[in-house]
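By written order: A, B and C. Residues from 1 in each chain.
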Amino acid sequence: MIDDRERAIEAMLFASDEPLDARQVAARFAEEVPVAEIKAIIQAIAARHAGSGIELVERGGHWHFQTPADLAHLLRRERDDPRKLSRAASEVLAIVAYHEPVSRAEIEAIRGVQTSKGTLDVLMEAEWIAPAGRREVPGRPLIYKTTDAFLQHFGLGSRKNLPGIEDLRAAGLLDPVDLAFEEAMGELDLVKDGEDA
Amino acid sequence: MEELPLDFDVAPAAAEREDALQLSLDSWEGPLDLLLTLARGQKVDLRQISILQLVEQYLTFISEMRAKLEVAADYLVMAAWLAYLKSALLLPKNPLEDPSPDELALRLQLRLQRLAAMREAAARLLARDRVGRDVFLRARPEGLHDVRLRRWDASLYDLLAAYGQVKLRTEPVVHMVSRRPVITLDAALHHLERLIGIRLDWAELADFLPSDYDGPLRRSAIASSFVAALELARQGRVDLKQDGAFEPLYLRAAHMGQQGA
Amino acid sequence: MIDDRERAIEAMLFASDEPLDARQVAARFAEEVPVAEIKAIIQAIAARHAGSGIELVERGGHWHFQTPADLAHLLRRERDDPRKLSRAASEVLAIVAYHEPVSRAEIEAIRGVQTSKGTLDVLMEAEWIAPAGRREVPGRPLIYKTTDAFLQHFGLGSRKNLPGIEDLRAAGLLDPVDLAFEEAMGELDLVKDGEDA
C-alpha cells in the first residue's frame, strides 16, 4: 500500500509541466512537510519505477518522469519513404564522382546550369557526398567528394571502377540526342523520295 | 426513479430562486424550461404534478411579464395553448373530443419528465471527474512519432547516363555534316553547256540528266540543272519553254545570231 | 522483474499524447503481437499502478495514464476552466450522449426550444460530439454522437457508464414522447378497465 503523501508527490511529478525540485513539491502541500522527507519519498518513487517503462529521473535537483532511452525506438517509428533521385541531382552526383573534390561553382561550370543548394543537400542527406574542406582560392569555397556509402550503394569497389569516358561512349551513353534526331529525320526524307518516285 | 439534485456547475438554475421569476425571461431556455422550473416549485414528483395548477402558474407569470416587457413569441404561443388546455380541463368532459384534454396534459407531463431527466443527466455528467479539473494528464508527454525516412534511390545506370548527358551538353560542339551526293551548280552548268551544243531541238530538262542518277542525287541534279538552265537563259544561250505550271520544262540552244549581242 | 514487452507497452502509453487502444499498441511493435496479449499486458500494467499516484484507465477501449481524482486539490492550479459550458450546451451534450445518435430536430423536441448553431459548434470544437451520418428519413437530417474524447474527458469507460443511463432507460425516459404516450395510454386503459370492473 502506497501512502497518501507518496501518491500525492507521484501525481504532482506526473502532472507537472516542468521538472520539480523537492522545495517546489513541499510548497504544494497545505501542511508543513520537511524537504528531507520529500526527497526520501521521491527516491522511493524512483526506486519503485526502476526497471519499468516509466522512469523518474533527476536533472540538477529537479525531478521528472520520462520513458527509458532504450525504448526510444518504439516511440519513434521509422518508415522508409523511397524516392527517385531527380535528374539534376543525378548529374551533380556524377560530376562530384568524376571530378572530386569539386566546389559548387565548378559543378555549375561543368553542368552549364545553375545548381540549387537543395540539390547538394539531397545528396548529403542521402550520405552520398560530403564536404571535403575548402578550396584555397578566393572565397574559399566548400568542396565536395563522394563517400563510402556512395561506393556501396552503386556497387563500386572504388572510384577507379567508374567507367571512363571511352567506356561511356562505347556504351552509347555519349550519343547526343541531336544525332539520333537527325537520323530519324533522314529516314523520313527517304520515305518522301519513295513517294515522289 | 428518485429525484436527482440539481447540481449545475453552469449558469445557476432558476429553480430555487423565486426572485429570478421577477427578473426576466432570459433565465430560461424556452417555455418548456420555464414550465419545468414552475413545476419544480410544486415540490412533488413530476408524475404527480397538477397540470392545471402548473398551467395557472404559467399564465399568471406570463401576464405579469407582459405588463413589464415584451415577451418572446414562443412563450406566448405556449401560453395560448395552455389557456386552451386549461379551459378544456375545466369544462365537462366531451368523450368525442380527440385528443382529449387529459391526453394533452399527459403529453405535456411526459415532455417535462424527459427534459427534467436530461437536465439531471447533464448535471451528473458535468459533476464527474473531468480531465483538467479533477484528474490530470501528463503535461508534456514525449509523444509517439512516425518518422518518414527519405531514402533516395538511383542506379549506377542513372548516374552514368546523367554524366553522359552533362558531357554531351557541355563539350565543344563539332558538327560533322555527313557528305551527301550532290551535283554542284558548276557541274550542272558544264554538263548543260556541253549537251546544248549537241541537241538542236527542244528537249525536256530531265532528258539532259544522266539516266543513272537516282534518289537524292537525281533530285540534286534536277535542282542544279534547273538553276543552270536559268543562268544560261539569262546569258541568252538557251531558250526555255513550259506549257504551264508544273509542266515539263523544255530548253534548246538559242539562235547563234543573238549569242554575241 | 517486468518483462520487455510490458515495459515497452507501459512506455508507449506513458509517452503517447493521446489514449491508445490495443491495436495501436500492437502496430508499433516490429514483430507480430496478438491484440489479446497486448490487452492482457495492459490490464497487468493497470493493476500494477492501482492505488499509486498514477492510474492507467480505459476510456472507450483506449487507455491513458492520469492522476487519481482524490488528489485533485493538490494538483489543481488557479487556472480558469476553459471548459465551462453554457446551460444549453450542457443539456445538448447530455441529450446527445444519452440518446445517440440523435438529430438536431430530436434534440429540439426534448428541449422544447430551438438549438442555436453555436451550441453544437462548441461541442464539436471540444471534440465531444461529432456527426455520425444522416437519418434515413425525409430531409436526411445529420445525426450526432459522442466521441472517444468525450468518454476520456468525463472519465467514462464506455457509454454504459453514463450516470443513471440504465435507470433512465428502464423508466422509459429515453423513449420518445409518442412511444411513452402510447404506453401510458395503454396502462391508463388497463387501469380504467380495472376500475370499471
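By definition in this document, a residue touches a chain if its C-beta (ideal position, glycine included) is under 8 Å from a C-beta of that chain, and two chains touch if they have at least 3 such contacts.
Note that the coordinates shown come from a computational prediction; the quantities given were computed from them, not determined experimentally.
> Of all chains present, which has the mean Cα position farthest from that of chain A?
Using the mean of the C-alpha atoms as each chain's centre, the farthest one from chain A is C.
> In terms of CA centres, which chain lies closest to the overall middle?
Of all chains shown, the one whose C-alpha centre lies nearest the global C-alpha mean is B.
> Using mean C-alpha positions as chain centres, tell me how far chain A is from chain B in Å, no decimals.
Here the centre of chain B sits 35 Å away from the centre of chain A.
> Report the inter-chain centroid distance for chain A and chain C in whole angstrom, where each centroid is the mean of the CA atoms.
About 43 Å, centre to centre.
> Can you tell me which residues of chain B touch two or more of the remaining chains?
In chain B, the residues touching two or more other chains are 136-138, 142-144.
> Listing for chain A: what residues touch at least two other chains?
11, 14-15, 65, 67, 75, 77
> State the interface residues of chain B toward chain C in the complex, per the touch definition above.
Chain B residues touching chain C: 1, 4, 8-11, 13, 29-33, 74, 103, 106-107, 110-111, 113-115, 117-126, 128-138, 141-144.
> Which positions of chain A touch chain B when the two form their complex?
11, 14-18, 65-67, 75-85, 87, 89-91, 93-95, 97-98, 110-112, 122-123, 125-126, 128, 154-156, 163, 165, 168, 171, 173-174, 176-177, 189, 193, 196
> Going by the contact rule set out above, which residues of chain B touch chain A in the complex?
Against chain A, the touching part of chain B is residues 136-140, 142-156, 158-170, 215-216, 219.
> In their complex, what parts of chain C are in touch with chain A?
So the residues of chain C touching chain A come out as 1-2, 6-15, 28-29, 45, 48, 51-54, 65, 67-68, 71, 74-75.
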